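Note that the chains take the letters A, B, C, D, E and F in the order they are written out, and that residue 1 is the start of every chain.
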Amino acid sequence: MVIKAVLVGLLYWIAMGRANYFFSFAFRKPVVLGVFIGLVFGDVKTGLIYGATIQLMYMGGIEAGGNIPSDQGLAACIAIPAAIINSLDPAASVAIAVPFGVLGVLINNLRRTINSFYNTKADSFVEKGEYDKLSTFSFILPWLTNGVLYFTPVFIATLFGPSVVQAFIKVIPEWFMNGLANAGGMLPALGFALTLVVMGRKQYIPFFVLGFFFHAIAGFSMLTGAVIALCIALIVSMFKQNEEGELT
Amino acid sequence: MSQIGEKAVEQKSNIVTRIDLLKAWWKWCLAVEVPVSFDRMQALAFGYSLNKVLRKVYKDNPEELKEAMKRHTSMFNTNCDWGSLIHGIIISLEEQRALGNENITPEIIQSLKIGLMGPLAGIGDSVDQGIVATIPLAIFVPMALNGSVIAAFVPALIYLAWSYGYSWFLMKKGYSLGKNAVLEILHSGKIKKVIDIASIVGLFMIGCLSSSFVAFKTAAVFNAGTSSEVVLQDILDGMLPKILPFALVMGMYLYITKKGPKYLRIIVYTMLLALALTFFGII
Amino acid sequence: MVIKAVLVGLLYWIAMGRANYFFSFAFRKPVVLGVFIGLVFGDVKTGLIYGATIQLMYMGGIEAGGNIPSDQGLAACIAIPAAIINSLDPAASVAIAVPFGVLGVLINNLRRTINSFYNTKADSFVEKGEYDKLSTFSFILPWLTNGVLYFTPVFIATLFGPSVVQAFIKVIPEWFMNGLANAGGMLPALGFALTLVVMGRKQYIPFFVLGFFFHAIAGFSMLTGAVIALCIALIVSMFKQNEEGELT
Amino acid sequence: MSQIGEKAVEQKSNIVTRIDLLKAWWKWCLAVEVPVSFDRMQALAFGYSLNKVLRKVYKDNPEELKEAMKRHTSMFNTNCDWGSLIHGIIISLEEQRALGNENITPEIIQSLKIGLMGPLAGIGDSVDQGIVATIPLAIFVPMALNGSVIAAFVPALIYLAWSYGYSWFLMKKGYSLGKNAVLEILHSGKIKKVIDIASIVGLFMIGCLSSSFVAFKTAAVFNAGTSSEVVLQDILDGMLPKILPFALVMGMYLYITKKGPKYLRIIVYTMLLALALTFFGII
Amino acid sequence: MVIKAVLVGLLYWIAMGRANYFFSFAFRKPVVLGVFIGLVFGDVKTGLIYGATIQLMYMGGIEAGGNIPSDQGLAACIAIPAAIINSLDPAASVAIAVPFGVLGVLINNLRRTINSFYNTKADSFVEKGEYDKLSTFSFILPWLTNGVLYFTPVFIATLFGPSVVQAFIKVIPEWFMNGLANAGGMLPALGFALTLVVMGRKQYIPFFVLGFFFHAIAGFSMLTGAVIALCIALIVSMFKQNEEGELT
Amino acid sequence: MSQIGEKAVEQKSNIVTRIDLLKAWWKWCLAVEVPVSFDRMQALAFGYSLNKVLRKVYKDNPEELKEAMKRHTSMFNTNCDWGSLIHGIIISLEEQRALGNENITPEIIQSLKIGLMGPLAGIGDSVDQGIVATIPLAIFVPMALNGSVIAAFVPALIYLAWSYGYSWFLMKKGYSLGKNAVLEILHSGKIKKVIDIASIVGLFMIGCLSSSFVAFKTAAVFNAGTSSEVVLQDILDGMLPKILPFALVMGMYLYITKKGPKYLRIIVYTMLLALALTFFGII
């Protein structure tokens, strides 16, 4: 069982560790993971059925801005082994999958929090001109570090069964879990605030505010926003000859 | 136009080879989502992708190199696939700059990067995730449910073929566009206009993105469950829609402007705030 | 009973006469008036209960632009005495309150119509430089004059009971009441038209029209309008260097 | 910035004392909603508040005084509490003007007054009436229902403390801002910009306010109750939303522009029109 | 019967051939056509009732941009004769009318397709300076040509009864009918694209795009669009002094 | 203003008589919808209406005449009734131009024509078809149902009286406006502004009209009827609302720009495309 647990843990790391993004994105689909988990447990067919069943819950859903609506990979890597071991009904496997799909969102938040550390490190390497270290701290180290985050829960869950994991989760107070989820909702603000700083054009902040509230009122898609933004920018730029003496 | 561009690429003034481009592209694909963080998102992956190229391009100018490295480890986020266009453009711009074209200022590079990342994220996410990844699933998952292992892999293979192919195509396109754009724009003196347009688009998009992706709502209810229940979020919505996310972004912006780039501290504070507010049932 | 009627009439004048706006705003709440009307009738507790019950109907509701959604003060000052006298069920007091809450809107319209007279007077005092008279016509006189409007109906209603008032109201044809209410809806236009005149920038009228129809289409809050307006104004002002030769 | 401002306030060139300010503030609080009319709304209350201050400030210049009095008995409306900011600013501007600063034109004063009144009404009404007056009610009315007389008074007391405190604070703030703004703006030559911005915001807000507060709908229905019923308001909505309120405001505007400021006449006409239209079932 | 069929065919041509637009617009109303068809069949009263009944279905509905929501004229000219001949219940006449109301939309599409030919001809006459021919090809010829389109179906339907026509329609595959309808939805794009070309101000295309997506998002009426457009144009033109050196 | 205008009309410099105007108007009423096509809509009717007038006005200048004929057989569409205003304006502008006023460029004429056609279509359709043609129907059809032949004709008569009367009134109005506008605008040097405003309004309206009148939706559904059904149109709407109609208009625009005015070909291609897409169930 330990080997199986290791293998499933590695599958999840491949799926959500995100090295080689396109591949991991394709690989993390429950219907794909189902085949491989089935292989690990010696029953490809059953794994496939569970995987495909779980997949049905995650057909649409766009991951944008680094946020994931739910973690299909974790859902699959916890629910499929449990279902195979206990010969569950496919519907029951879905019932197990759902909460872990949500839990995975927290892991992703944790990951993005930890990764901030590498950013800080990176700054000092740039300062010192140590560009090889910069490289190391940009990919391999975060990938390995984050591997722990991805491997561990699935390894434990497969080894002890999801019921133990669920019991453990129940120990953590609900407000704490919700608080982390809320933090995950709030933290993307940092990236945007930072971009405003990086842009550095104070007199253009009104365009940011307009974009914000147009979107808040009308709720259009990002592409629609881009088209509107481009039109406004083109119109505005028609009248922008003499730059000097601007309100700053 | 694309003919002129290709000629321009062939000029003697080239440092970046197709192999360099390929490597940069591959590193981007490899790393893109790995070092993603709340504060700078894909910044390190962008830097990772350009690390070698920049060193080659600026090998005689360590100061410029450092500046370029700073630029390209600053906040960045886009769609992994369509975003390759930006890499291509930026690499060619840095190359031109290294070759002495001082008209290509850091400001141009930065504003193009940020101006393009939003729209490309918007269109890329819709097409890649909304269409290329979704429709084959819709077609093949039912077959997989009937036991076909091959059907389980088809959507993945379609997605992979599309993503790798298209992002490499865009990388090259971006590089040659960068060359053209540079020549053309310099000749027509429209650089300021381009920066302006890119900046406006960029800022507007950051507004849309903030409104869309920052989630911050109060759950406070006064006198709950009675007929005179007052839901605080309703009052706030009546004042200004999404006032809390807006205040959060602006608050962080002002904090950074005033206290400098203490991102880790902001992250920790925000998490503590979120936990505390959740604990007291406020959010 | 006359004294009680006088007292309740005065309470209503304090509440809606609006001298010392913050105080009158706080005082006019049925839950507060309930205590004082209770005091007048020697039963604070009962007054409080009626007041609090009526208050429940008027929890939200913003008075903006001089318009009141309903007159909680009149509702309270008619319904609470009636309820105390007849020992009504609290729910029944609400039933009495509602129509008078609406009637009070008409009194407010009447008040604002009458006050126009003082504006006209004020102009002539300014013209003649009689600034003391200007003062008198700006506060004390309107306050006293309007006092009649506020005192009378409540005094009568408390004296004769609301049924008499209701009978009187029934004599007035419905179309007339509705007509006054409609006039109240239309007249705020005057204030806005006047502001347009006062602003005096004909070439900026398009901003007024834009504001009107953006709001008419999307229906956002005033604060949202202000934020959008500020963004537009800041953007526009960036390109506004050479003022001369404008379209007027 | 606020340091410079405070120094400026301390300059020899002061006419308005803190007591003057306090009196003006108190009169505003006293009168604000009392002389409200359909045509000029809080105009007289504004004039009442500034009456004494203006006479002091312009005591050597009766012509200027008359002009100022005219300005400040013209149409005005804002949130009673947050609006004190305007009084503070206007008093300091009039003071500066009286002291000979001719750059402070009547146009600046007027456009700032009108530009600020809308936004301050918007935010003030939301906060004061939407939050400060509402949430305590939601909390304490249920206790009052259980018989607590104290609970009946608490919301009122909270509202009073907030309103008096905050409006006096804003009055002082406005006065010192006026001083600063004047110095700063004059030095930077940005007066025209400020007027422009204030005018645009003001006009846009008047648009929003008109759309929101003018109620005028037709009730006419042709062939009512049948399957071929035609609701006139639906047709009008299909043409231009809120076309009747818009026509009303524009009609009054044109009438005033052409026939002069005959407000009482407009009021009477409007009432007669409303009564007639109601009588014939048109509205 | 042939004469009757000819007369009804001519009525329809008058109604939808559109010579003298205002007249044809007024004439094509089923309630009017009912009287005349009644006359043809010697029973004005009955024709009127059928016409008025069918009219009820077409009370609103705006024809804009050359598109007709449905062809009330065809509906009336097919259904009323059929109803008179077979003494149908008025409700049954409505049932016949509906599908022909839809079919008429296709005829209108066909007409607009054919008319393109006259445009092409017109160009060559302008080129050669043959302005009399231009006139002929601008009104009389299209009117006669299109007359065939309008006369024929009604003539046949009246002669053979609508059941024969319906049988014929059933022979045409449904996808073909739908395809033509879809083409009718798409072809108006040509007129707008052409206007863009005619306008010839490339740097103003953003206004077109803004208009398109504002409308697509908020879905307002054309008049609202015009008011917004005018405001934007007036605001923009305030800042448009120095034209030279524009982005083209 | 209208006095000045009438005087101007009386000037010696007149070619167009009231009879000419009347004939042009009548021909417009006669032809307006007859030669309507998908590509140029009412273009030929407009040309038909002006044919004689233009020949009279430019009788000494065949080159100018040809240019004018070209202008007025180019794409045009408006409300038949309210649109007469445009005819009046254009006739007077062409007359002024023929009389030697070279400030009236073809560009002005074209941009006014296109700038006005959209708004007049919008307001005209609402009023004529939404009100004048609809409300009498609502009133009189029920009477017709009761057997009144007269009631059957009343709505038609009202509509006819209104349309003929109002369109002739607007034709004359437009003609005198054209005279005034010409004189006034020339004197104030605001021609460029007028063109600008008309062009912007025109283009914006073409945008609104395209969004409103071009119908193009996909019906494609993947995995239909199951719980994992994917509706392609929903995905497209999520990307960009009305993306297909937009692409269609832009596609045709680019095609014409690049390949020239091959309208018949575009019509045929579009029909084939529509049939094919319908056949395969895609639309």
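Keep in mind that, in the parts below, a residue touches a chain if its C-beta (ideal position, glycine included) is under 8 Å from a C-beta of that chain, and two chains touch if they have at least 3 such contacts.
Quantities reported herein were computed from a predicted structural model and do not represent experimental measurements.
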Exercise for the section: Give the chain pair, either E-F or A-F, that is connected by more C-beta contacts. Expected result: E-F
Practice task
Specify the chain most distant from subunit B by Cα centroid.
Solution key: C
Practice task
Would you indicate which option in A-F, D-E or E-F repeats the interface seen between A-B, with over half of the contact pairs matching by residue number?
Solution key: E-F
Exercise for the section: Report the inter-chain centroid distance for subunit B and subunit E in whole angstrom, where each centroid is the mean of the CA atoms. Expected result: 49
Fill in the blank from the handout: In whole angstrom, the CA-centroid distance of subunit B from subunit C equals 53
Problem - Averaged-CA centre spacing for the pair subunit D and subunit C, given as whole angstrom - result: 15
Exercise for the section: Two or more other chains in contact with one residue: find those residues in subunit F. Expected result: 123, 126, 130, 134, 137-138, 141, 193, 228, 230, 238-241
Practice task
Specify, in ascending order, the residues of subunit E that touch 2 or more different other chains.
Solution key: 56, 59-60, 207, 209-210, 213, 217-218, 220-221, 223-224, 227-228, 230, 232, 234, 236-237, 239-240, 247
Exercise for the section: For this structure, give each pair of chains that are touching. Expected result: A-B, A-C, A-E, A-F, B-C, B-D, B-F, C-D, C-E, D-E, D-F, E-F
Handout entry: Contact set on subunit D toward subunit C in their complex
Key = 27, 29-45, 47-48, 51, 55, 62, 65-66, 69-70, 73-75, 77, 80-81, 110-111, 114, 118-119, 121-123, 125-126, 129-130, 133-134, 137-138, 141, 144-145, 147, 149, 152-153, 155-157, 159-160, 163-164, 167, 192-193, 196-216, 240-242, 245-246, 248-253, 255-257, 261, 263-264, 266-267, 270-271, 273-279, 283
Handout entry: Contact set on subunit D toward subunit F in their complex
Key = 222-223, 226, 228-230, 232, 235, 238-239
Problem - In the complex, subunit A residues that touch subunit C - result: 203, 206-207, 209-210, 213, 217-218, 236, 239-240, 242, 245-247
Fill in the blank from the handout: Within the complex, subunit E is touched by subunit D residues 227-228, 230, 238-241
Handout entry: Complex interface listing, subunit E residues touching subunit D
Key = 56, 59-60, 220-221, 223-224, 227
